[in-house]
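Going by the order they are written in, the chains are A, B, C and D; count residues from 1 in each one.
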């Protein structure tokens, strides 16, 4: 199997995940502006998940490009990532409908942590085949460290949600910001 | 990242957006022709959004072909466009279910304006990298002007909807007609 | 625009149309075999539409391969076809939920006729650019004739449905059989 | 028709099937952990079907790569497979909502058996065109045998479900494990 086909299938699945979430935005029965404003937790969770999945798509692309070939281990590590990403529309709907209750934020944080762990596993699987190139190995080590921090933040958020759901949501946003801001060191490694 | 992959992902998302809108066409409980006829606002908003998204797909293709490479700025400007386009099925369902009420038309117009602004931003991002080719720069300037007019019409429509929803809907249709009719000047620029 | 991109986008839309129809197969509340058996009109209309859309995908592929380039006329003729195809999940749900009532069969037949007419228009648009090759022109003429027969049958079916829905459904199945059975003459033209 | 296009369309359909199943995971009205825990049959059937469809995607890829060209027979054998796979979201929802009742497990087992039979038919169609290469013919024979075992297990499971739904579910999981564990003999044949 070539990496291009794994990438095309993953792209398809991620494109569907990011798009079908809109089906959870149900038209409110209340025909007033108040009815729309009352939907804000749903819009917020929609925007948050769109950003989360968009970042995964971007990182997934850069990661798969570092792979030379697809072995069964990488195939299943990738499927495992797609599985946890495919649950994001459910966690998003749960977060939106339960108006950021402690449990809803914890479920969302746990889903984010599981996606992060799956991405870590996928990178680890790919990194094992590139020991010979010290620059690529260094890039992988750097990204794995960033990934570990993101997982830790998601897990802390899932726990903190029972104390303060809003603090937990702020924590869940942190890795998104962290990945959104271009990383000079990593960019240098990628372009060298 | 190559432009082909950005294009393939965007195509996938746009294909899903344009198709899942049909899930909002619920089968009426009334088994008569009157039951079908009563659905006309839903059919109308479906057709309008299909046309809108189809025009974006067409323009997106022509725009991305003018880009040389994908930098993070362009990646995120594109994601921003896909985000606002992904809300079109919601605005469409809102317009259909609320039978073209003033608020529903305003929401639809605002969504259309935000899509237009995102497209403007994407073109602006891409245009910044093509200063050296005067013909391409001229084409971008010409299209940015057309884009500004469309945004202005959508914003006026969103405001006018509270006075006359029907006039507002007619205004929302104008940019579609404007983009549908081939533009001789632009076509000449594209083929030169 | 290259034909490959038009084809990729159309493929994506058709793949989504053929797949989201399953979302209309709602799990029955009755937990018995009788509950499943009572769903047969839904299963029947699902199977019928799957066959219909699959045949369109197959024919669309063969048709687009005969096009040399994509002009705006062909782009919009193709979008028009995708629009009517995108309504098939609605007609299918209507046919399934209204248990093959006269009106439901007429709606389905009318949708099928509109898809047929759109395909005819698309082939006609493409055929206009291939006057110079007599073999391709001959193939197009032959297929346009077959297409006209299919449209006529669908229109007759839509009318007949008010006399006998079952006869109308049998008529709607006829073009599917007609396109399913390989056409020796056309195959010969394609391989020459 | 080239095998790449058949593969791209099949990939699209399989990506949609595997992803839209999440729409059946409805947010529970009960806002407690108990409400989530009560959803376990739905989560279980979701995970089971994700694994099942992922294995089909993987095997489909390896199979289509052995085909030289696409004839109408292979086209329709492939469409037949996609048809039965497209029913998996329905069987999954049925299994989840009916909490693994005898009938629900039987329906799921029957769907799995029909997918297995369709895959068998597709491989048989492709194998007919590769008599000349003894290694490929040997690989096909080996895989057809494995396929026959999987179909037999699914059929036994569908029958056993009326005696013990849990034993039937365990049986349904067996082929997944069987295909998940890399097959040394087949791998050797593939790499030779």
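FYI, a residue touches a chain if its C-beta (ideal position, glycine included) is under 8 Å from a C-beta of that chain, and two chains touch if they have at least 3 such contacts.
Everything quoted here is computed from the prediction, not taken from an experiment.
Trainee: Over half shared numbers or under half: where do the identical copies chain A and chain B land at their interface, same or different?
Mentor: Mostly different residues: under half of the interface numbers shared.
Trainee: Let me spell it out: compute each chain's centre from its C-alpha atoms, then which one is farthest from chain B's centre?
Mentor: When every chain centre is compared against chain B, the largest gap points to D.
Trainee: Once you find the CA centre of chain A and the CA centre of chain C, what distance in Å lies between them?
Mentor: 38
Trainee: Whole-Å distance, chain C centre to chain D centre, using C-alpha means?
Mentor: Each chain reduced to its C-alpha mean, chain C and chain D end up 27 Å apart.
Trainee: For chain B, jot down the residues that touch at least 2 other chains.
Mentor: In chain B, the residues touching two or more other chains are 8, 12, 16, 20, 23.
Trainee: Using the touch rule from the top of the page, what pairs of chains touch, sorted by label?
Mentor: So the chains that touch one another pair up as A-B, A-D, B-C, C-D.
Trainee: In the complex formed with chain A, which residues of chain B make contact?
Mentor: 1, 5, 8-9, 12-13, 16-17, 20, 23, 72, 75-76, 79, 82-83, 86-87, 89-90, 93-94, 97-98, 101, 103-104, 107
Trainee: Going by the contact rule set out above, which residues of chain C touch chain D in the complex?
Mentor: 7-8, 11-12, 14-16, 18-23, 25, 27, 31-33, 36, 47, 50, 54, 57-58, 61-62, 180, 182
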